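Some structures to go through are shown next.
You will see two complexes here that share subunit A, one where it goes with subunit B and one where it goes with subunit C.
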Partner chain A sequence: MHVRLLIKIKEDIFGKLGLVLMALFIFSALILPFIFHDTESHSQTIFGPPSSGHILGTNDVGQDIFSRLIHGTRTSVFVAVGAGFLSTLISTFVGVSAGIIGGIYDKILMRLVDALLVIPTIVILILTASYINPGVWVLTLLISLLYWQGGARVIRSQTLSLKERMHISAARTFGAGRWYIIFRHIIPDLGPILVVSFIHRARMAVFMEAGLAFIGIADPLMISWGMMMHHALKFYYLPVWKWWLIPPGVALSLLIISFAFLGYSLEKVLEPRLRNA
Partner chain B sequence: MLEISKLTVSYGGRKIIKELDLRLNKGKILSIVGESGTGKTTLAHSIMGLIKERSENGLIQGEILLDGNDINKMSKEELRIIRWSKLSLVFQNVEDALNPVYTILDQVKEPLLEKNDRESEAKAIYMLEMVGFPVHRAKAYPHQLSMGEKQKALIAMAFVCDPEVVILDEPTSAMDVISKESVIKLLKTLCKDRTALLITHDLTTAASLSDNMAILYGGCIVELAPTSLLLSEPGHPYSRGLIRSYPDMDRTKDLQGIKGTPEFIENGCPFHRRCTQSIDICKDKRPRLIAGNHPDRYIACHRGGIVPLLEVRGLVKSFGDFKAVDSVDLTLFEGETLTLVGESGAGKTTLAKTIMGLLEITDGEIYLEGEKMKGNAFHRRIQMIFQNPGESISHRLNIFEAVEEPLRIQGIGSKDDRFIAVRKVLSDVQLLTDDEFLKRYPHELSGGEAQRIVIARALVLNPKLIIADEPTSSLDASVQAKIMKLLNNIQEERGLSILFITHNIALARKISDRIAVMQSGKIVKRGSSSKILEDYYKTDDNHTILGS
Partner chain C sequence: MKANVINYAVAFFIILLLNFLLPRLMPGDPLMAIYGEETLLSMTQEHKSQLADSFGLDKPLWKQFFIYLYNLARGDMGYSHYHNTPVLKVIISYLPWTLLLMGTALILSTVFGIIAGIESGWRRGKSLDKVLLTSMMSLSGFPSFFIGIIFLLTFSVTLGILPLQGAKTAYSELSGFALFLDVVKHLILPLASLALVFVSGSYLLTRNTMVTILKESFILTAKAKGLRDRKIRYKHAGRNSMLPVITQTGIGFGTRLITGALFIEVVFSYPGMGNLIYNSLLMRDYPVLQGSLLMITVLVLGINLTVDLLYRKLDPRVGNAR
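Coming up: the complex of A and B.
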């Protein structure tokens, strides 16, 4: 099976939509913060409605809501990419090494995975976060450390099947060593699965980060959508919620939707039985 | 008795016969077999003492002892006396050997003329009768006779003086099967108490007429052995090549030739340029004829004849308590195809994978060219062709990358060298080599093309041994035919040994030198393919060969 992922995804309506949204978010995370850089200065007006100076008005201390929304995008995308990457990395390391080495090493790791799968990790996350009030980096690390087990299991079973494949046997008969097999064959062959796993972890990380910020146990200095909603909700009785609460909510939903669409479309592309004729 | 030692004959500085030693015993027929230009007729003529007379620049050295007297040292007169009476020759060229203006009878009695004319005529008639020549035509002229009759007349001429030593130079060439048979029968009886030397390129004649056989190549005897042994188990690569190129009712494998063309080689083994197992010493030093691996066999080869490439001794591979391969012994010679047949689950693929190092050995040893196999270093010399071509090429690699991979893993050559190597091997397997094709992916190829890619990939390391596990089972017959032909040609060119695994007996019959039958992890039968198949034909069901 040889699939050109990007081309196939573009043919799918969900994939296309997901890609467009994702591109938009990445653009606003990378470029826009340089234009709307003023997130801290307190203007004279508090709870100001949208105006030429403040597109979405100002918050309780007179900060520009739009700038904070843009910077929140950066946080969300960073956590998504960071945690998605890191947890996929851990899953890959654990899954591939367990699949290749096998034996007692495999058994120990898989029991650990079993344990992590049954423990409600969200509770651990909330408890830990409430103690340390994590910033972006720590939060990313924390999410990654707690959400690699599912991927590891899938990757391990795929590795087990892959290592018996004939082209891997063929490479071994050319004299290839273990490292060559892993890096030149198994990991590239796992590629599609890794991409899907990355997308799913990323989506979950966005949700987790927003959730933790929303319940107020993340670093209070962090600018994030969850944090914005957390603060905005305190002023639900004022008309300001329209441009303070709704925009981060919508942005969050759209980002999660774009990840979901991408994941859905990827699975469809990679699983031939789901492909339309 | 005739003894030749260190005979060297050269024409114009070119050695046609090189230090040849040979001993002919009474009552035995020795055949000298070789292709044209290897010096067969020169040898016959030098025994007859004809070299000096025939060619001015012919130079002859060494000894040819006939009952202790050296023919080379004899004067013309002495030679004249022993010729025909002690030493006679059945000439090769029927047309030229007979004088067109004398009758047959006159020519047959000519060697006897010193005696009384009537007596000699009676003897000539008797001789003609004995060889089955129609006596009423004894007064005919050669042009009035058929080829067979002329040949018989020549035989009568050679035997009429009751010689001790007879040299038969292609006595049956240009004859049809039936007259050939009768001539062979006749020669057999005539040569009973004589010393006879048969010179021929015809293996069938040599097989039915001679007791011992010597294979001549480039003026040297490369192998000397009892005829049946030499034909069934040739020891020298050239002998095998010659036998393989010769159509034979028993051999089932397709005809194969010998790579290259005969050329004149002054030093070193005369066969080294065409030999697939030659090493450095073969270039510089001419091997002597010495005792080979069988008590009656003599071989002139620095490597002691055809090398056993792969030796498997007492190999066991078990999965838990189940022995998938149970004490298997196997020897595969250089340039040979050995087919493993057996029903599914007999352990064929497990055996192949174990030899290949894909599975750990439970017990036993595997040697490749005499070295014990261990680790990855052997993969340059031993490669595998897998059953399903589509799966054995990674779908992520394009054709160039797939074929280049073994070279890259082994770290051979620069990128440019590898590019050249890949293109060469692709053209060897008759695939395209243009850039567009090299960039294609395996799923864009047909099954036959993909299998050829797999073969190319296995060949790119230039291995000595290929293990082919059902390489054609998923292919159409026409593609299968092409691929098998290709493998046969590569075997001819490079001396590739093939361990072929199949359950298709008909295919095994066409491609293998030997067949081994495997059943529940053991080799239950093995032998030359014709022998194994003989048993197969005798029985009604396939179970004898693919079962109990």
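Coming up: the complex of A and C.
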């Protein structure tokens, strides 16, 4: 499983596109909010069309839409990275430990994973969110707790197969302990799978955050694309949708597409039968 | 097989438990969490204590859980003060529309996805394949509700050729064929949005399998026999490429379907479960919210179990694998 991921991805058109888009989003999430920082002040004109002062006009209470769009990027990227990282961490922990320890521990965990795989997770999300109106942090945590099960199964079966490989047996004969093998051999060898898992969870998380905000159950003070669309859709009969409803939707779609492209090209690298496809 | 049914039982139990525990563990008056603030304010003290009694709120938690289960088993999911109707009745009036939307979207997207996947895999690397692959990949990125919004803005708001919302024209006494046409007209946009979301999944799977299957020796044999291209494409390669579409969409499929439907219904105010949930969130109509979520759980678990059992039948290897 030693594939030089970045180089392989750059050879693929989808991978290249995904990387470029991703870099763009990360840049605008990190830097731009400092330039366009005025998300709250109310100008005199409501539903103002795009002008020199307001690139994308103003919303129903006269706030600058473009600044809010930029800050929405920060929310989405944060949720993507946070939930992607956290849920991959949980699935790695569950998958590796189940694969290594085995026995009854493995059985119980995998039963839980199977149950979680068939549960409509959106139900738990809506139910919990309706009571606590989560902000960015809680939402990230909630999504991570609900979307680790798919990765855990894959990581477990990969761990089971890695455990029996030659180089691991060799390490063991040299006297390597359990922890040494896990951290120096198994987890590095899982690397590419963890990256794929991260990308998939991140994509899922962005969609879920936007979806929940869109149906209006996130913290009303949070600035997010889903929330913008939630408010903008109420005024579909005004021309304001052109600069209020469409931009966050396009941004959201592009972010998810960049994850999808990256994920697809990664899978192609890891699945040799699909190479050159 | 048996282990499978247990998974579903465990899953159902987890949701039941959450549905029961969450409102009761919220800080403050549990009646408030069960019924919502607005409803509670309009109640008399007498009515409140009567309700608290019926939930057994003064009893220990495990006893309350049994009361909860007992009521559910009788089909009593509580009373919606907003709709002024029992919760179960409200849900039953909304459920058919969601089923209609999900069912038609499922059929449309699978059929189109498989056909496009077969054609694309057959022509791998040619221009049609490239166009299809790129557009399907991009499509898979669009969130369901944004596709819905684009359709709504294009066809209903700007062009004005399709209805804006609802599942049929309100207060019109249509019947027979006219009613059917009216329902179809209202269904087109939500259906198209939902089908588009799912078509990329079955397309990508079919295409990938097509690519690997075309390298198998039985395809070479078929070519050597002089069979026509169409026959090889559909009868030999195509049929075998369909299997993973069913197997891989199997796990968690119901969940993805319902998630898409919920969001799209909100966009089009389509009177199904998604819209019911959306409105009960707005109105803080908690009994309906909890009932709907429970109903969706039952629905999704049912779909997932069916797909699970179905694909064991289609691919005997799976049944023996565990």
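Here is the rule we use: the second predicted complex is superposed on the first by the 275 of 277 C-alpha atoms of A that agree within 3 Å, B and C clash if a C-alpha of one lies under 4 Å from a C-alpha of the other, contacts with A are read in each partner's own complex, and residues count from 1 in each chain.
The criterion applied here is as follows: a residue touches a chain if its C-beta (ideal position, glycine included) is under 8 Å from a C-beta of that chain, and two chains touch if they have at least 3 such contacts.
Only a predicted model underlies this, so the values are computations on that prediction, with no experimental measurement involved.
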Fit-or-clash call for subunit B and subunit C when the two complexes are aligned on subunit A: fit
Touching partner for A:W179 - first (subunit B), second (subunit C), both, neither: neither
Subunit B versus subunit C as contact partner of A:I119, first or second or both or neither: second
Touched partner set for A:M166, first subunit B, second subunit C, both or neither: first
Subunit C versus subunit B, contacts on subunit A by residue: C
Distance in angstrom between the closest Cα atoms of subunit C and subunit B, superposition on A: 19
Subunit A residues within the subunit B interface of the complex: 1-2, 165-167, 169-177, 180, 185, 188-189
Subunit A-facing residues of subunit C, complex: 6-8, 10-11, 14-15, 18-19, 22-23, 26, 33, 124, 137-138, 140-143, 145-146, 149-150, 152-153, 157, 204, 208, 211-212, 251-252, 254-255, 258-259, 262-263, 266-267, 277-278, 281-282, 286, 289-290, 293, 296-297, 300-301, 304-305, 308
Residue ranges of subunit A in contact with subunit C within the complex: 14, 111-112, 114-124, 126-128, 130-131, 150, 207, 210-211, 214-217, 229, 233, 236-237, 241, 245-246, 249, 252-254, 256-261, 264, 273-274, 277
Subunit A-touching residues of subunit B, taken from the complex the two chains share: 353, 356-358, 376-377, 379-380, 382-384, 386-388, 391-396, 405-406, 409-410, 441-443, 454, 457, 461
